[in-house]
Amino acid sequence: MAEKVFLVIGAGAGIGGHAAMRFAQGGYHAVLARRSDEAGLAKLVDAIEEAGGMASGTLLDAAADGTIEELVERVERDIGPIHAVLYNLGAQIGSRTLADTPHRTFELGWRLGCFGLFRLAHALTPHMVARGSGTILVTSATAAVRGNAGQHSHAAAMGARRMLCQTLNAEFAPQGVHVAHVVVDGSVDAPDTLGKLLGDRFEGYKASKGDDGVVDPAALAETYWHLAHQPRNCWSHEVDVRPFTDVPWWNDNPNPGIDTRPK
Amino acid sequence: MAEKVFLVIGAGAGIGGHAAMRFAQGGYHAVLARRSDEAGLAKLVDAIEEAGGMASGTLLDAAADGTIEELVERVERDIGPIHAVLYNLGAQIGSRTLADTPHRTFELGWRLGCFGLFRLAHALTPHMVARGSGTILVTSATAAVRGNAGQHSHAAAMGARRMLCQTLNAEFAPQGVHVAHVVVDGSVDAPDTLGKLLGDRFEGYKASKGDDGVVDPAALAETYWHLAHQPRNCWSHEVDVRPFTDVPWWNDNPNPGIDTRPK
Amino acid sequence: MAEKVFLVIGAGAGIGGHAAMRFAQGGYHAVLARRSDEAGLAKLVDAIEEAGGMASGTLLDAAADGTIEELVERVERDIGPIHAVLYNLGAQIGSRTLADTPHRTFELGWRLGCFGLFRLAHALTPHMVARGSGTILVTSATAAVRGNAGQHSHAAAMGARRMLCQTLNAEFAPQGVHVAHVVVDGSVDAPDTLGKLLGDRFEGYKASKGDDGVVDPAALAETYWHLAHQPRNCWSHEVDVRPFTDVPWWNDNPNPGIDTRPK
Amino acid sequence: MAEKVFLVIGAGAGIGGHAAMRFAQGGYHAVLARRSDEAGLAKLVDAIEEAGGMASGTLLDAAADGTIEELVERVERDIGPIHAVLYNLGAQIGSRTLADTPHRTFELGWRLGCFGLFRLAHALTPHMVARGSGTILVTSATAAVRGNAGQHSHAAAMGARRMLCQTLNAEFAPQGVHVAHVVVDGSVDAPDTLGKLLGDRFEGYKASKGDDGVVDPAALAETYWHLAHQPRNCWSHEVDVRPFTDVPWWNDNPNPGIDTRPK
């Protein structure tokens, strides 16, 4: 049995894969779960093992009933105690008007973005509380703190998740479980998510952002590592990240419509 | 056909009933929809008519598929144009630990608190946009802005709804539809909701809060009226309300644990 | 002696003047205070009197020591009880880099934007508390909730003021004093402030915003009236306003840099 | 000349001293500045040197004109480039009613809490921008995000500072300067600040909070180190910290006044 497990729900080649690599390098057995593409999954597991770490991969249909629960129980039973988990799922579908957001889509956004985290917490917190410690990291989005046009499904799901992270933190932090909600306020160099959304425009997009213009998932993984190892007397619950050239969500674009500088 | 309709989704004797009365007194035909208790519904309709206003009542199972949509179409077709709607539903179930929050309960909270609003907006915004104007008022809760212990279902649903209100506002305000998210940060003198939750402790609770210690739903109705009639050059999107003696959600209790006053 | 006084600190022809007119029409004796332009002040007072209301005007150098205090005492003594006050001062100087923001400018922003409100509260709350009631309205800005580039002085002053409004509310709401912080998240048709900043570009700017594209100060005055007359069981502390076509501060521009709609 | 300097403005034995130790252990020359107690300062410097690091100490009256500016220039000229600075000053005076908050006290809170940071940024950003990189860390407080009763001076100063951190970030992040606003939402084991405020009640207070019940400044120093070394493609601007048993500022106390659990 592994001494400690790091479970990644949504382990693509971007954030999830890099987080798994980082925690494996730190001595965790990384369990990578993703919905499809076994070959891509195997690539990630192999890379970790080649670097000297321990890893396993498994396909997971997080939207289906019982799957997340079964995975948690299986890992706890067969691999080792899940000391830290990264919930790295969302359902960003691009910009759609309300009329173009089908009911089913709106619901799926909630199932993946929020309900899955609820189910994960249900399954895992009893284990973590019994051990008196644990970390639940959530890769979240700016949509959790403000709702842009065209983002009905995504923002509602993210807003739900953010409040759930607060209720989970309120109940479980005093019991030793660190819940951290990470607002990724910028594009990430993630081929399996943003890359898929943009298709062949991905490379050109990254080039247009300039050096260090998109989040390097290895850098975010380092921040996840830091959060998961903060002593319990100094825990952060909400952290934002963005590339240095990105305008924070709360700011206007640097070129507002009217020039108010004194002449 | 009525010149203008005010539709209340969730018309109990508290906020919904009083809002319906206020808008009816202002010349709207008030349509009151609630899940059960036809007698209570009839009482509200009668009170409005006795006061000289126009009103209709209808039972509505908002959680069931197609019901909200059917109601909107029926009202628009048979009664008149819905110039303003109040979404007054939630699913506050009291304080429950995560372990005591069944999956079905968590989902129902979302269906009533958020998905119902999404469905209402889907059905109603085409009408309002065609008319170039309309108001969507949402009675919301502090749980929309922070998640307390024991509030997993309610806070997640309210957080979702708050972000949905922002995405709806982003898409529809420029098209003339005023979306207002009202955070009721305090107890309301509402027999059908808080009264039901507290049972025979309700009167004693109100007495313990003192004069003006709970929100008078008639006062809130006045604020709803104001919001619904703000000229479109001066619209408020988010408004908080509370009794003057209530500690705002962002503050600590007035008696913090440690006395830091200089001796 | 007047039965009730509405004091406006910063009574230009825009927000302050219109608020004074509204309250005067509601039976208050409006006292208008501004830094300069006695002729403009007299025009506002005359307009109120011609409309049948009561008003007085006075010049006030709010940044100077003792002036706000003296004004409050003089009004309470000679005109009547100040039931409501509108603090309508700021020090928006346009967009300046840090290097172009002199220390003196930064400090003046704080003196007018925050310290003046502190002094006003010091002078006035004893009177309001003795009466068991009162309203302190503050015309604030988006800069109170987020700091844009070039806004060092203004945002710091507004951020200070917003927190001061919360501390004042925490101490005085239970004593019957309603403190309301109004975030004006858009341009106002105000010749003495925005008009002065833009000079001859003002009319063109308003035209470019389209019908109802800037806040009509008469509409905002109506919201101030509503806030000042909310029953104390249903008080709002923070309210935002903007024209329906303005993008709320929390949203991105409607034309984000990358088109993420599915093809 | 040192290769890189870490300047601490407000280097007491708690947060400032521990941060200085951590950065010195990471190869920085730590410059510790505090208002008084040269002996205490020397102790901190000695501890760093005994542990193998480089450090200097200097007295600094941050409220006085020109002092912060002179210090920055002196360090840049005589010791080395200030790659990172920690602004660790505030003016928490305990809980005071408005009537018991003298004007001078309110202003001093702003001078130390906000204006000092403005002056520091004025002096230091030209150097950091010329180098294309730098970090400005600010130890902040919950008072920056909400204003409790009795906190007029402190909250106004912290609210100002938070907005200033946003404007500084907006202007300088794209130029390579990382600005991070850290909300310390809990008590810190800091003898020179909280210890001084509580006097002989300090030890008893810490004991009453239980194990890991107050922030260990060494743990916070580790988070400061992490923030200062995030790659510029993944910068955090605002981070909260608290002990795991502390109730986050946004939550109610765990024992709300009314038991709403179903019977």
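To keep things simple, chains are lettered A, B, C and D as they appear, and every chain counts its residues starting from 1.
Here is the rule we go by: contacts are C-beta pairs under 8 Å (C-beta built on N, C-alpha and C of every residue); 3 or more make two chains touch, one makes a residue touch a chain.
Which chain is which protein? Per UniProt: A, B, C, D = SDR family NAD(P)-dependent oxidoreductase.
In this text, all values refer to a predicted model and were calculated from it rather than measured experimentally.
J.: Sort out for me whether C-D or B-D is joined by the greater number of C-beta contact pairs.
T.: C-D
J.: Give, as an integer number of Å, the spacing between the C-alpha centres of subunit D and subunit A.
T.: 30
J.: Taking each chain's centre as its mean C-alpha position, how far apart are subunit B and subunit D in Å?
T.: For subunit B versus subunit D, the centre distance works out to 42 Å.
J.: Between subunit C and subunit D, tell me the centre distance in angstrom, where each centre is the average of that chain's C-alpha atoms.
T.: Roughly 33 Å separates the two chain centres.
J.: If I count partner chains per residue in subunit C, which residues reach a count of at least 2?
T.: 146-150, 166, 169-170, 250-251, 254
J.: Assign the assembly's chain-to-chain touch graph to one of these shapes: line, ring, star, complete, other.
T.: Graph shape here is complete: every pair of chains touches.
J.: What part of subunit A is in contact with subunit C in the complex they form?
T.: Touching subunit C: residues 93-96, 145-150, 197-198, 205, 249-254, 256, 258-262 of subunit A.
J.: In their complex, what parts of subunit B are in touch with subunit A?
T.: Residues 97-99, 103, 106-107, 110, 114-115, 118-119, 121-122, 125-126, 143-144, 146-152, 155-172.
J.: Using the touch definition up top, name the residues of subunit D that touch subunit A in the complex.
T.: 166, 169-170, 173-174, 176, 178, 212-216, 219-220, 222-223, 226, 230-245, 247-248, 250-251, 254
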